[in-house]
Structures are given as structure tokens and as C-alpha cells.
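Note that chain A is present in both complexes that follow, paired respectively with chain B and with chain C.
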Partner chain A sequence: MRKYLRVFSLAFQANLQYRANLIGWFVVGSLPSIIMVVVWFNILGNRGNINGLTKGDFILYYFFMTIGWYIVGGTYCWWLGAWIKNGDVNKSLLKPFNIIIEASIREQAWKVTSLIVSLPATLLILYIFRNTIHFSLNSFQFLVLLISLLLGALIFTLLEAIAGMSTFWFTEVWPFAHILDIFNALFGGRLAPIVLMPLLIQNLAAILPFKYTFYVPASIMINKGGFNPTDLIIQAIFVVFLFIATKLIWAAGVRRYEAIGG
Partner chain B sequence: MSLSVIQVRNLTKYFKVAQKSAGLLGSFKSLFSRKYKEIKAVNDVSFEINEGEMVAFLGPNGAGKTTTLKMLSGILYPTKGYVNVLGYIPQDRKPAFQKQISLVMGQKNQLWWDLPATDTFLLNKDIYNIPDSIYQKTLNELTDLLDVRDILNTPVRRLSLGQRMKCELIASLLHQPKILFLDEPTIGLDITMQRKIRGFLKKVNKEFKTTVILTSHYMDDVKEVCDRVIMINQGHKIYDGQIKELINDFANEKYLNIDFEEPVKKDDLEKIGKVIQFEDTHALLSVPRHSHAQKAAEIINNYPVDNLDIKEVELEDIIIKYFDKRDL
Partner chain C sequence: MDKIFDYIGLSFKMEVKKLFAYKSSFWIVFWTIPLWSLVQILFIETIYRQTGNFAGYNRFESYILFGTYNITNNLAYFLFYYRLKQLAELIRGNDHESLDEILTKPIDTQLYTTIGRFNFGHISSIIVGLFLIFYGLINNHTVIQFSNVIGYLILVILGIFVVYVTFFFLRTLIFWFEEFLVTEGLWDAYSDLGKYPSALYQGPIGLIVNLVIPITLMGSIPVDLLLGRIPGYTVVLYIFVIALLFVVTRWFWKISLKNYSSFSS
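What follows is the complex of A and B.
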């Protein structure tokens, strides 16, 4: 565990070396969520709600998508794919050290850095709309939210790991990375709340893992429709299934790895 | 009797490489019907290496040297054959095995680019669970040996190639591995730095009893660092033995390097030996080893000699000769 804490510390320090990146993130970090809130405010117009979602729910939903991204999300399949392609995965094969965990921790370090940078803008938006939003979770619901976030983060990490490991077979990670991005946006609720999507998307989302990364914890947060324990159970099942799949794919990938370069 | 730390039997590694004919049409064809060629990178290689030995893998580009190192260290799975390193199958990648080996690749680095090398050293300390006192002692010894104390706090991206390689070596040796694999450790370094690295490797072998296995294109790395050489060509082991024996077995001649006081005729010299280099007042002759003294005397007696040196054949020449002979 200590070695991975060290990786986090090193990655955090390395992030601080690039001030321009931090300024850039300060400017754009909250922008996608602000745009989505503006879009939905326009769609809502004078209506009180769409499918039961009010203005306050939309703000809270996209606030979660911003903050939740730093907890659940990330782009570590790119790290992993690049390391496999250029042979840097060798270090994981030579040392008692897991490169999948390293990739997720390095991304986590970036997420903490960028969260700190984008937090002022996000909090400012929440302050501006303080009278519109209603955050009404009790301590039990808050605990459920934390568990759901953790399970969602694990599902997301394992999906990213699988996409990254596709490089063992296909050399480039980007086709799978983009597919994963689109599926996360569509079925994971990052584009729009799934209840507002066509029925076909809703049905597909129910059987795919993406909904259980962002949308399920977001639903718990906006607190519509009460607590559904089935969602947490399905999240846990997906974690176990994807963990086993990751182990098997890693073992198969390493067998066909050709360690090109150097 | 020395303990055998590496046993390799019938080691074989094949790669499947996609083929594409030239041009746009070739690209379209390969999109729908891809052809593959099987490359035999390592083919039925067997050897053993004892504790504390310093062994060089020699061979032309693509001979299979690096592939062999990667199989010995557990990065690659063999297609066929048996590898045992320190009692472990490397491909099992047991932590107990990984803590006893290290691989340095001249063209890859493990150092964190944006941070000083000391940060990577601390990460390795945690990865290998090195106790504080041993870490500090080893780090002090290694930094003194390589004379890098003043650059330890400089971000790696600001270091020269030679300084980076020194730090790579330190990072790889902090856990005091029993076996050190080196793939082209002096590639791209200037002559002074190459010499320092070679000296360092000999000291590491002596002080830490580390078994060193290296690949290199620089013959000086091999001559100065290693006692034994394993030559590989087109995936096959073609020679395995002491460097001295290789020279004795294959250096059937010696060189006479002569400076004359006045110009001489090349045709006359060719009657004495094979002329390798010739200018009016300078010649390099290859003569049979057993009669080199007699030939030298003949030249001194019959020509106006200013200076005459008797030189051993270079290891490079022996190896080129060996590979040429094998290719025939």
C-alpha cells in the first residue's frame, strides 16, 4: 500500500510542475457542466419540471457529474494503453508492482489536483443557485451515496483497465477509449439523466455496467424515487465480474505481449 | 564450486509479424487479408550461468539477445523451452523472484521525468520494502561510486543522458539484486561515461557479488566487463565460452604495425604477410601467429624500419570473422 501512496505523492508533485495545465483546468474544469445546465434551463423554460426533474435537480445532477467525475471518472486507459504499446509495462512485469493500480492512482492524483483547481468555480455556481437546489440527504442516504460512489469508481476503473489492456491485441488504445467515452456519456448518464433518454437507451442502460458508474450515485444524490438496494447489489456484482474479467484479460494479454522497443 | 543461478534449456521464442506489400494497394490488401510471417527470434538456445559471473550476449541487430534477456527476466513468455532463474520460473513473476533481479535498458527509463531521481529511489525503496538503514547505506555507496551526489535533486528531464543512466543504475541496484540484466547500458554515452559505467559494473560485481548479464554493441563493454561471452546469431547460440579462449581459438594471426623511414613497395610486403593497411611509409600486416616473431625479424632486417609494434587481433575482428564464417 505504501508504494502506491508514494506513487500518488509523486504524481501529485509532478502535476504541480505544470502551472499552465492548472490554469487551463481552472478555466475549463466546470465548463461542460455549466453548459449542460444552461441547455436544460432553456429546455425547461417556464415548465416546472421534465419527467419530475426540476431546475434544482438539474443543477444538482450536473454538479454531481462535475464533482463525481473526480471521484468516479478518469482517463487511465490512455496511460495503460500507452505503457503497453511502448513497452513501459515492463516495469510492472519486473517489479512487485501493479501497473493498473499505478495508472489509476496517477489519474487519481491528477483528479485531486484538478478538483482543487475547479472547485472555486463549481462552488460559485452552487452559491449563485443556492435557493434553487435542495440537497436533502439524511445520514443513511449519505452513507449509501458513499458506498455507491465507491462501487461506481471501481466499475469505472475496471472498465478503463479492460479498455487499456485492449492494446495487448490491437496496438492502439484510442478506438476502445472512444467507445468507452461514448458509452459512459450515453448509458452512464453523463450526457443527460437516463430517465430523459429514449426507452431503448434506458433498457440497454439497465443491463450494461455504465449506468452504475455515474447515474446510480447521481440518482441517490438528487434523491428522487427513494433508495433502491437492488442498484447497490448490481453495482457489487459488476465489480466482482469486471475484477475477474480484468485478471483473466491481463493474464492473457501478458502472454501475448511482445515487449517491443528497447 | 560456483552455484548455477540461471539454467536455460532449448529456449525458443517465435514472433508473428504482419506483412504488407508496398504502396496504397498493399495497404488495402492488408486491410482485408493480412499475411503473417513467423520470426524465430530465439531458437533452441541452452546455457547455464553461475553466481557472480559477468556474461555478455553478443550478436548483430535482431540476433535475439534482448529477447533472451526479456525471457530471463520474466517479461516475455518463451514459445518453448525451460528457464529457471534463482530457482524460479521468471514468468511466474513471484515477488520473491522480482526482488532479486533488476533489468536496465539503455533505451527505456524508470525514472520519473518531472521529479528528481531521489523520488524514484524512494518509490523503489517502498516497492522493494528496503529498510531505511540499508536504503541509506546502499544509496550512499552507489552515489559515491558513480559520483552523482550533486545531481540527485535535479529534475530528471534536466539531466544529461549519462547522468540519467547513472541514476537508472542506482535505481536498479538499491534493492541489491542478485542478478543484474543490462541491455545496451552504454548506448549513446560518450567514451568517458562508458568507461565510468564499465568501472562501476565491475565494482558492483566485486562488492555486491552481483551476477551481471549484458548485451552491448560496444566491444569495449564486453572486453572490459565480462569474462564470458555467449554469441547469438539469427536466434541460435553459436559460441559460449571465455573471451580468452575465443581469442586463442580464432586469432590465428597477429598484426605487425610498421612505420618505415622511407617509402616501401606494397608488393614486397605482401610476400611476408597479408597487407591490411598501406601508405608509403606505414603498413599493417597480418601474419601467422606461430611465425610472427620470425616475420617481424625479416622486416627489421630487410627494410628501413622506424618503429614496429606487434598487436593482438581485436575481439571485434574475431567476432566479425566468426559471424562471417557461420553465415557461409
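What follows is the complex of A and C.
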């Protein structure tokens, strides 16, 4: 465990060296959410709500999609893919050191640093829209939200690991990273609340894991439909299922791996 | 001038050869990139499930808008994105070439470092864009004037120039902040604004997005002209704006080159 804490500490310090990039990434992450809020405000016009979602809900929803990225999201499949391609994965095969955990830990360090850097802007947004957004969770709902965020982050991490491990079979990781991004946009609710999407997307989202990364925690935070314990159970099932899948794919990938480079 | 055309011609030939050597890379881009169009199409459908008019556009006009954006964006990717992306590596120096070496060549440095890599995989997205425009036009039953088509095509070309100058400006920042890795992301985020109607942006933001750095030239402004919503002289206005942006970014590039301290080699 100490070795991974060391990885986290080093990555955290390295990230702090390049604060301008972190602020830049926050802007990059915020801009699509701001556009989406503007789009939905335009559609709302003089209407009070769309499918029960008010102006405040849209702000809160896309605000979560920006900040939630630093809790649930990440893009470490690129690193993992590059390490497999370059042969850096060899160290994971010879030492008691898991390269997937290392990549994931590095990503967590980036996320924590970004979250800290973006805190002033976050507080400012919350202050500006204090009269529009209504954050009304009791302590039990808040606990449910935290559990859902954790499970969502685990699902996302395992999906990223699977995308990264595709490099055992294919030379490029980016097509899989792109497909993952597309699925997250459509079925994860990052593009629009799933309840507003066409019925086909809603039905597909219900059986795929992507909805349980961002959309379910966002729904709990907006607190419109009431608490549905089934969502947490499905999240837990997906974590177990994806964990087993990750283990099996890793084993199959290592059997195929020829350790070129490194 | 001949040298520039020779360089572009030879680069094009080389990329065609690469295309045949690495067919799988081409096919991956060819099939993967258009999937993003699917996301936007589903978003258009999501919007028009809730309203019949979005920022002055009906459903089919939105298809024309997104098709135009798709063409402009992918032509930009096809023509210069990958070369401009390399600029950071050129400044830092890599195994193949460095800016130090390029500066000694008897050719315009800006052109040499920003043009010369063509990614044919984006052709599929351009085809998707064309399909969306025709789908929108046929179903919208709009009578299009020939002069508007000419104006539309000129504005689309200007839209490609906007993409060039904005990305070029952001990449030039690397001269000043060599670890500023976020420029690609910033450009992606800014160019995303081009896929929505210009009327969506109001006030100072609208002024920036529609006039100062008119990223809506990637879609909305050409479509407005095509549909006869804005006057033909708009083309002249935007030629002037783009020429000004080109001069400013060229000037910034020259200043940055003077500041360049050759830290790569």
C-alpha cells in the first residue's frame, strides 16, 4: 500500500508544478457544461420546467458533470495503453506492482489537485446561482450520494482499465477511448439528462454500465425522483462484474503479450 | 511561392503513400470519428423532442447547421490539425525534426510548421456532413438562391480559416509557456461553440463568438446566408475580420519566434 501512496504523493506534487494547466483543464471541462446550460435555458424559454427539470436543476446537473469528473471520471486508459505499447508493463509482471492501480492512482492525484485548484471557481458559481439552485439533501441522502459516487468512480475506473488493456490486441488505444467517451456522453448522461433523450437511448442506458457512472449520482444530487435503492444495487453488481472482466482480460492480455521494449 | 506548392504537393504524396502503408490506421479513423456525429444527431433529436424552434432553427435547419459544422471541422482536421498539433514537439525537438532545423530552411516557417500532414480518415465525416446537409435541405423544402450558395461556400472556407487562426494562436502560446499542454483542449472547447446557432450567444459573449473570433463561421453564419437570413455583404465583413485575425496571429508568431530560445537542442 505504501508504494501506491508514494505514487500518489509524487504525482500530486508533479501536478502542482503545472497549475496553469490545471486551471486550463478546468476551463476546458466547464465550457461544454456552460454551453449545455445555455442550450437548455433557451429551450426552456418561459416554461417552468422540462420533464420536471427546472433552470436550477439544469445548472446543478451540469455543475455536477464538471465537478463530478474530478470524482468519478478521468482518462487514464491512455497511459495504460501507452505503457502496454512501450513495454513499461513489464515491471508489473516481474514485481509486486500493479500497473493498472498505478495508472489509476496517478489519475486520482490529478483529480484531487484539479479539484483543489477549481475550488474557488466552484464556490463562486454556487454563490452566483444561490437563488436558482436548490440543494436539498438530508444526511441519509448525502450518504447515499457518497456511496453512489464511489461506486460510479469504481465502474468508470474499471471501464477505463478495459479500454486501456485493448492495447494488448490493438496497437492504438484512442479508438477505444473515443468509443468510451461517446458511450459516456450518450448513456452516461454527460450530454443531456437521460430522461430527456430518445426512448431508445433510455432503454439502452438502463442495461449498460455507463448510466451508473455519472447519471445516477447526478440524479441523487438533483433529488427529483426520490431514492431508488435498486440503482445502488445495480451499481454494486456492475462493479463486481467489471472487476471480474478486468481480471480475465488482463490474464488473457498477458498471455498474448510479447514484452517488446520496456 | 513555388517552394511552398512543392512542399505541399510532396507532403500530400507522402501522406498518400503512408495511407497505403498503414491502412488499418486509416480505417480506424474512418470508422471511429463519424461516431461523434451520431452523438450530435441524437442531441438534435433530444432538443426537438422538447421544442420546435431552437434559437431560430427548426429541426431540419439544425441538420444543415450540424452538417456544415462537420464539414468545416473535419476539413480543418484533414488539412492542418495534425501538423499544428506537432508544433509543441517541434519546439521541444524530437527524434525526427526540430524547429531549429526548420528555421534554417528557405521556406516560410509558419507554413512549414502548420501545414503538411493530411489525415484522410476524416473524409468519412465530411461525407456524413454532406449527407446531413442534403437531408436537411430536402426535408426543409427551402428555395436556395445560387448567389447564396456561392456566399455559403466562401463563408465555409472562411470558417476553416477561423479554425486555423484560433488553433495556430493557441499553439503559438507554447513558445511562451512550454509546459502549457492544455491548448488542444482549449481549442476543442472553443470550436465546439461553432456547432450551435449564432443567436444562442448574446451580449459580450455573442460579440466575441460571432464577430471578434467568429467561431460560428464554422456552421451557423454560412447556413444563415444559405437560408437567406443575412445579407450577402456579410461575406465582405467576414473576409475583413479573418484577414485581420490572420495578420494579428502572424504578428504574434513572429514575436514568439524572436522570443524562441531553442531550448530543445
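In this section, the second predicted complex is superposed on the first by the 254 of 262 C-alpha atoms of A that agree within 3 Å, B and C clash if a C-alpha of one lies under 4 Å from a C-alpha of the other, contacts with A are read in each partner's own complex, and residues count from 1 in each chain.
Basically, a contact is a pair of C-beta atoms (placed from the backbone, for glycine too) under 8 Å apart; a residue touches a chain by one contact, two chains touch by 3 or more.
From a predicted model like this one, the values you see are computed outputs, not experimental measurements.
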| item | value |
| --- | --- |
| Which superposed partner A:Ile43 touches (first chain B, second chain C, both, neither) | second |
| Touching partner for A:Gly87 - first (chain B), second (chain C), both, neither | first |
| Chain B versus chain C as contact partner of A:Tyr257, first or second or both or neither | first |
| Partner chain(s) touched by A:Leu124 [first = chain B, second = chain C, both, neither] | neither |
| Touching partner for A:Phe97 - first (chain B), second (chain C), both, neither | first |
| First (chain B), second (chain C), both or neither touched by A:Ile244 | neither |
| First (chain B), second (chain C), both or neither touched by A:Val7 | first |
| A:Ile233 touches, of chain B and chain C: first, second, both or neither? | neither |
| Partner chain in contact with A:Ile182 - chain B first, chain C second, else both or neither | second |
| Residues on chain A lying within both footprints (that of chain B and that of chain C) | 18 |
| Touch list for chain A against partner chain C, complex | 18, 20-21, 24-25, 27-28, 31-32, 35, 38-39, 42-43, 45, 50, 171-172, 175, 178-179, 182, 185-186, 191-192, 196-198, 201 |
| Contact footprint of chain B on chain A as seen in their complex | 2-3, 6-7, 10, 13-14, 17-18, 87-88, 90-91, 93-97, 254-255, 257-259, 261-262 |
| Complex interface listing, chain C residues touching chain A | 24-25, 28, 32-33, 35-36, 38-39, 42-43, 45-47, 49-51, 54-55, 177, 179-183, 185-186, 188-190, 192-193, 196, 200-201 |
| List of chain B residues in touch with chain A within their complex | 15, 66, 70, 73-77, 93, 95, 98-99, 101-103, 105-108, 110, 112-115, 119-120, 122-124, 126-128, 155, 183 |
